[in-house]
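Two complexes follow with chain A in common, the first pairing it with chain B and the second with chain C.
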Partner chain A sequence: MKKVIILCAAFAAITLFFLYGATLYPHGSRLPSGASLEAPSALHLLGTDNLGVDIYAQLSSGFFRSMAIGLATAALAALLGGLLGIMAGYLGGRFDTAVSFLINILLSVPQLPIMIVVGAFFGQSTGNIIWIIAIFSWAPIAKQVRAKTRSVCGTRYVQLAESYGGGALYIIVRHMGRDIFPLLAINGIAVIGMAIIQESSLAYLGLSDPLAKSWGLMISKATAFSGIFFTDFWKWWILPPVFSLMLSVVCLRILARALESYFIKER
Partner chain B sequence: MKKATKRLSLLLALVMMVTLFTACGSHVNTAAPSPSSPAATAGTAAKTVKTLKLEGGTDWGAPSPFLNESRGPGTAKMKLVFGSLLEKDETKDVSWLAESWSVSGNDYTFTLFKNAKFHDGKPLTTDDVAFSLDYYKIHPPVSNSLGSGNSYIVDHYTIIDKQKITITVKKATADTLSDLGSFVIIPKHIWEKVDDPNKFKGEGYLVGSGAYKCTKYEGATGSYEFTAFDGWCNGKPAAERILFVPVSNAMLAFTNGEIDITTLPADLMDKYTKDSTIGLVNKANDTGYKMLINFQKCPDFLKLELRKAIYSALDRQSVVDKVFRGAGSVGSAGYVPEGSIFYNKDVVKYSYDPAAAKAAFSGKKYSVTLLSADSGSDVAIAEIIRNNLEAAGITVKVAAYDSATRDKMINSGSYEFALVGNGGWGNNPPNYMRTIFSDVSKNKGGNPHSMGPIGYSNEEITRLAEGQMSETDFNKRIQMFKDLQLLVSKEIPLFVIANQSTYSMYRKDYYSGWMKTYAYQQAEQNRLSYMAR
Partner chain C sequence: MKRKIVIFLCSFIVIYVFNFSIPRLMPGDPFSYSSSVSGEDNITDLSREQIEYLRSYYGMDKPFFEQFTDMVSRNLRGDFGLSIHYKRAASDILAERLPWTLFIMTSTLALSLLIGSLLALWCIRSKRADRIVYGVASVISEIPPYLIAILLLFLVAANVRWLPLSGAETAFGVYATELEWIKDVLLHALLPMTAMCLVTIPRFYFTARASFLGIVEKPYILNAKAKGLRERRIRWRYIFFNGITPVIARFFLSVGSTVGGTLLIENVFAYPGLGTVMREAVKYRDYIMIQDVFLLSATIVLISMFLADLINGLVDKESADL
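Right, the complex of A and B next:
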C-alpha cells in the first residue's frame, strides 16, 4: 500500500506541475508569447518553439490533453472489455466462442499499422483518436475479465447464489464484482499509459488535429525542423516532450503494477 | 584565346536570350549547341561519378509522363527518363533530342539526332515525335506544354524524313519554341497499343527516350534508381546511377555522406558558407506560399474590402522571420517575387494592421476551414494564418493532408481557404501569371502553377495574362507583366504570403555539376545537373 501511495503522490506532483503551466503560468499554449526559439529563461521556463509559443505552456496543455484522451480511452475500453469479458465468461457457449475469437484476432494483429490506416481514413480529430485507440485496447481487458469471471463462476458461493434463484446482474454485482472490478480498474490505468503513447504516435504521424498541443505533435514538429540536431534548439524543443512522455507513461505503468500487486496479490 | 571564346559565348548567350523572346515570326534558323559543347560548358567543370544520391522518401509517382505527380520532383524524375526535343541551360534553349531547329512564322522545324534511340534499343524517329503529338492531343500528359482541347497549340505537322519534322502551330507566341521543345517523346511501338495511359503499367511503360533509364521505382518507400543510358545521343550522363533514397533526416544524411546534395537550413548558413569544401546553389525567393479562397464556397469574400482586410490581418513578416528563419521576403501582392526582372516594385503593398482587420470583420462571425499540407513549414504557416485570422474575428479550422491529397482537393475545388506552397516562383518568364490568373487558362493541368482562384473572374486580368503570350517585343512584354501585377495587387484574387530563399548544398570535391537554368532554379530538378558538361 505504501508503494501505491508514493506513486500516487508522484503522479499528483506531475499533475500539479502541469496544472501550474496550464493555469497560473503567464503564457498560453496557443499563441506566441516570445521570440522564435528563445532558450529557456526566467521568462520562458523551457524556452519557445519556432513560432515563439512557450514550450512549458504547450507541455502542460499536452499533459491534460494526453490524460483526457487516456482517461476517455480507458473508460471506453474498460466498459467494452469489461462488459464483453463478463458476458463471455458468465454466459459461455457460442457467445463466449465469438468474443474469444474476436479477442484473439485483435491481440494477434499489429495495432499501429491498422490504427494508421483507420485514422487516415476517418480523418484528423481527437474524437477519432479516442475511439480508434479504444477499439484496439479493450481486447486484453476482456481476456483477463473473461478468465476471472469463469474462475469465479466455478466458486461454491456463486453456485449457491444461483441455486437460490439469484439473477445474472445480482450475482455479477454482488458476488463477482469484488474480484472483477479491481482487475478492470488496474487494466484501465494501464490503458491510460498505452493510450498516451499511441496518441502521441498517431499525432507524430500526422493523424491528429494538426494544430493540437500534443506531445507527439510537438516532437514531430521539432524533429521536422530543418537541421535541428545541428543547433541547440533540440535541447528545449525535443527533450521536454520526450521526457514528459516517458515520465508520465512509466509512472502510470508502475502505478498499475503496484495496484495489481496490492489488490490481487496482497489482499 | 580563352577570353575571346568567353566573350563569344556571352555574346551568343545574349543573342539566344533575345531570340527566345523575339523568335516568333522572325525566320530565325538556330543551330544550338549540345550540352557538352563549349558554349554550354563555360564556367562549369563537373566530373563524372559512379553514383549520385539524393533525398527520397516521398512517392512522386512512377516516372511515366502520365503517372508522375504534378509537382517539380515528380516531373523532374520523369524527365530524366523521357527526353524532349529541347532543354534549357543557364541562358537559353539548347538541343536535347533535336540537334538543331529553325523557326519560320508558325512553322517550327526540328532535326533529331541521327542516333537517337529509346531505352529498348529501337530508333527514335520523327514518327515517334508525330505519334507523341497525336497521342497527347487525346491523352494530355501530367506535365503538358501543348495545351488541350481548343487550346491545343499544334495545328498540324509535316514529317520531312526520319530525322526532320515541321510542327505548325495555330498561333506563334513568345513561348511556343519552349512549349514545343518541352513535351516528352514516347515510343510509338509501345504506346500505340495503350488506350488508357493513366492506368498503363504494362511492359515497357518506363521505356523512355531520356539520358537515364528508370531501373527501380518503389512508391511505398519513395525510392528511385536511374541508370545512365548507354545509347544516349547527346552528350554523356554525369553519373552511372542516380539514387533517391529515403532518409529520416536530410542534414544528418548529408553529413554522413548518405546523400550528395540537400537544402541548407537557414540557421546553419554561417557554418556552411564558410566551409570551402561546400558548394551552394542559391534559389532566391523561388519557393512561395499563397492562400486561395474558393469564392464559390465563400462568396462574401468577393467584396474587395474584405480581401483587403485579410491582407491587413496577416502578419506575413512573421512567416519570413519564424518559419523561413529570415531567409526570404514578404510576398509581393502582385505575385512575381522580388529579384525577377519582371517584378513590379510599384505594386500595392499591404501592411499588417490587425486593428483595421478586426474592425472590418467585426460582427461578421465568419468560420472557415483552411486546407494545408501536413509538412512542417505548411502547418507552421497555417498556424500563423489561423492565429491572425482568429484575432481578426474569423474562426479557422485547419485541415492538413499530405501534399498530393491537398493538391487533389484544391484541383477539385474541395476547399474554402487553402494554403499552397511550391517552388518555381523564379521561373523566367513568369508564365504562371497566365495559368493562375487568366479566366481561360487557370485551374487546368493540376500543377500548383495553375491553381487559381475559383469563382473569381476579371476581364482585364485575363486580357493582360493572355496578351503577354502574344507580345514578341521583350520590353513590351515585361511591361505587360508589370501592369498585370499591379492589377492583381489591387484586385487581390488571391493572397501572396511569402517567398522563401533557399540554398542547395553539395560537396564540391565529389560532384559540382549542379546548375540552374535561365527559367528554373531548382538544381536537383534540372536534367543538365546530371550531365557531364
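Right, the complex of A and C next:
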C-alpha cells in the first residue's frame, strides 16, 4: 500500500508540473515566443526549439495529449475486454470459443507492424490512433477477465446465487464484481502506459497527427534536425521529451504492478 | 497439438486477408497520392490516362475476389509485387534488408537469454542481490527501447570517437580481411543491440527467476543437498538444466515484442533493416512495401509463437510425467 501511495504522489507531482506549463506558464505551445534554439533561461525554462516555440509549454501540452489518448484507449480497451471477457467466461459454449479464438489471434499478431499498416492506410488522426491501440489492447484484458470469471463461476456462492434464481447481471455485478473490477482497473492503468508508448512510437515514425504536439513528434523532429549531433541543442530539445516519456510511462506501469500485488495480497 | 496448428493457420489467413483487403477498403490509391503531393522529393505529375494505365498495370481495376486469387497465385510463385518507391521487386529489397534485422534480433535475444538466465541463477543465491536486481530490472523493462537507443546515441555515441553513429557498416568501406569486416559490423551493431538488450534481459531474468525459484523448492534439490553434492553441481545440473525450458520458450515469445522494438531502433541508428524500409515506405506511401514488410514480420512472429507453444507443450508434458 505504501508503494501505491508513493507512486500516486509521484504521478500527481508530474501532473502538477505539467499543469503549470499548460495553464499559468506565459508561453504557448503552438506559436513562437522567442528566438530559435534558445538555451534554457529564466524566460524560457527549457529553452526553445528550431521554430522558437517554448519547449516546456510543448512538453506540457504533450503530456495532456498523451494522457488523454492513454485514458481514452484504456477506457475503450477495458470496456471491450471486460464485456467480452465476462460474457465469454459466463456464457461459455460457442460464444466463448469464438471470443477465445479472436483473443488468440490478436495476441499472436505483432502489434507495432499492424499499427503502422493501419495508421498508414487510415490516415493520421488522433481518433484513429485511439481505436487502433484499443483494438490491440483489449485481448490480454479479456483473456484475464475470462479466466477470472470462469474461476468465480465455479465457486459455491455463485452456484448458490444461481439456484436462488439470481439474474446474470445481478450475479456478475454483486458476486463477481469484487474480483473482476480490480482486475479491470489494474489492466486499464497498464494500458494507459502502453498506449502512451505506442502513440509516441507511431509519432516517431511519422504516423501521428502532424499538427498535434506530441512527445513522439517532438523527438522525431529534433532527431531529424540536421547537425544536431554537433551542437548543444539536444540537451534541451531531445532530453526533456525523452525523460518525460520515460518517467510517466515507468510510473504508470509500476503503479499498475504495485496495485496488482496489493490486490493479490489482500485477497 | 491439432488446435495449435489450426490457430496458427487461422491467424496466418486472417493476417493475409487483412493485409490484402486493407488498402482496397480505403479511398484513393498511390497514384492519385503521388500526383497530388508536391514539394516533397516525389513529384510525379500523372495524367488521367497514365493513372488508368498504371491502375490496370497493377491489376487494380479487376473485381475484388479476382484480385485476391491473383495475389495468392503470384505470392505462391514468389512474386511479392514491385515497390513503388524503389521501383524494384519488393522481394529483392526484403531479401537485402531482412538479414540485418534478423541479425540484430537473434543476437539480441540470444545474448539476453544468456545474461538473463545467468543473472537469475546468480541471484537465487542471495536474497539481497535478488531484491536489488529485481527492482532495477522491473523499472528498466518498462522503458520503451527506442528511447534508450536515443539516449545512448546522444549521451554515449556522440561523445565517443570510436563508436559509429549510424548504419550497419562503414559506408564505402574497403576491408583487407573478413575479420575486419566482422569487426566493423559488430561495432555498428553494438549500440542497437545494447538498447534492445537492456529491455529484453529483464524479461528473460523474470522468466528464469520464476522457473528457478520453482525448482529450488522441489524435493530432489533437497535430496541432492542431502547427498552432499557440491553447490556448483546442484546449481548447474539440477537447477539450470531443469529450469531452462520456459526461458527458451520465452526466446520465441519475445520475438513479437522484439520485432516492434527493432523496427523502431533501426530508425534511430539508420540501420539498414526492415524498420528503415518500413519508415521510408510510410513516408512515400509505398503501399506494396508496407504490406510486404508487415506480412513478413507477422509471419516471423507467428512462426516463433507457434514454436514457443510447442516448447511450452513439452514443459507441460514433462511436469505431467513427474
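The criterion applied here is as follows: the second predicted complex is superposed on the first by the 266 of 267 C-alpha atoms of A that agree within 3 Å, B and C clash if a C-alpha of one lies under 4 Å from a C-alpha of the other, contacts with A are read in each partner's own complex, and residues count from 1 in each chain.
Note that a contact is a pair of C-beta atoms (placed from the backbone, for glycine too) under 8 Å apart; a residue touches a chain by one contact, two chains touch by 3 or more.
Just so you know, these numbers come straight off a predicted model, no measurement behind them.
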{"item": "First, second, both or neither for A:Gly206, with chain B first and chain C second", "value": "both"}
{"item": "Which superposed partner A:Phe122 touches (first chain B, second chain C, both, neither)", "value": "second"}
{"item": "Contacts of A:Asn50 with chain B and chain C, given as first, second, both or neither", "value": "first"}
{"item": "Residue contacts on chain A - larger count, chain B or chain C", "value": "C"}
{"item": "Touched partner set for A:Ser248, first chain B, second chain C, both or neither", "value": "neither"}
{"item": "Chain B versus chain C as contact partner of A:Leu31, first or second or both or neither", "value": "first"}
{"item": "Touched partner set for A:Phe229, first chain B, second chain C, both or neither", "value": "both"}
{"item": "Partner chain in contact with A:Gln58 - chain B first, chain C second, else both or neither", "value": "neither"}
{"item": "Touching partner for A:Lys221 - first (chain B), second (chain C), both, neither", "value": "first"}
{"item": "Chain B and chain C contact sites that coincide on chain A, given as residue numbers", "value": "206, 223, 229"}
{"item": "Chain C residues within the chain A interface of the complex", "value": "7-8, 10-11, 14-15, 18-19, 22-23, 26, 138-139, 142-144, 146-147, 150-151, 154, 158, 165, 256, 259-260, 263-264, 267-268, 278-279, 281-283, 285, 287, 290-291, 293-294, 297-298, 301-302, 305"}
{"item": "Complex contacts: residues of chain A adjacent to chain B", "value": "30-32, 36, 50-52, 123-124, 206, 210-211, 221, 223-227, 229-231, 233"}
{"item": "Complex contacts: residues of chain A adjacent to chain C", "value": "101, 104-105, 108-114, 116-122, 193, 197, 200-201, 204-207, 219, 223, 229, 234, 238-239, 242, 245-246, 249-250, 253-254, 257"}
{"item": "Chain A contact footprint on chain B (complex, rising order)", "value": "249-252, 255, 263, 265-268, 271, 318, 321-323, 325, 372, 374-376, 379-380, 382-384, 386-387, 398-400, 402"}
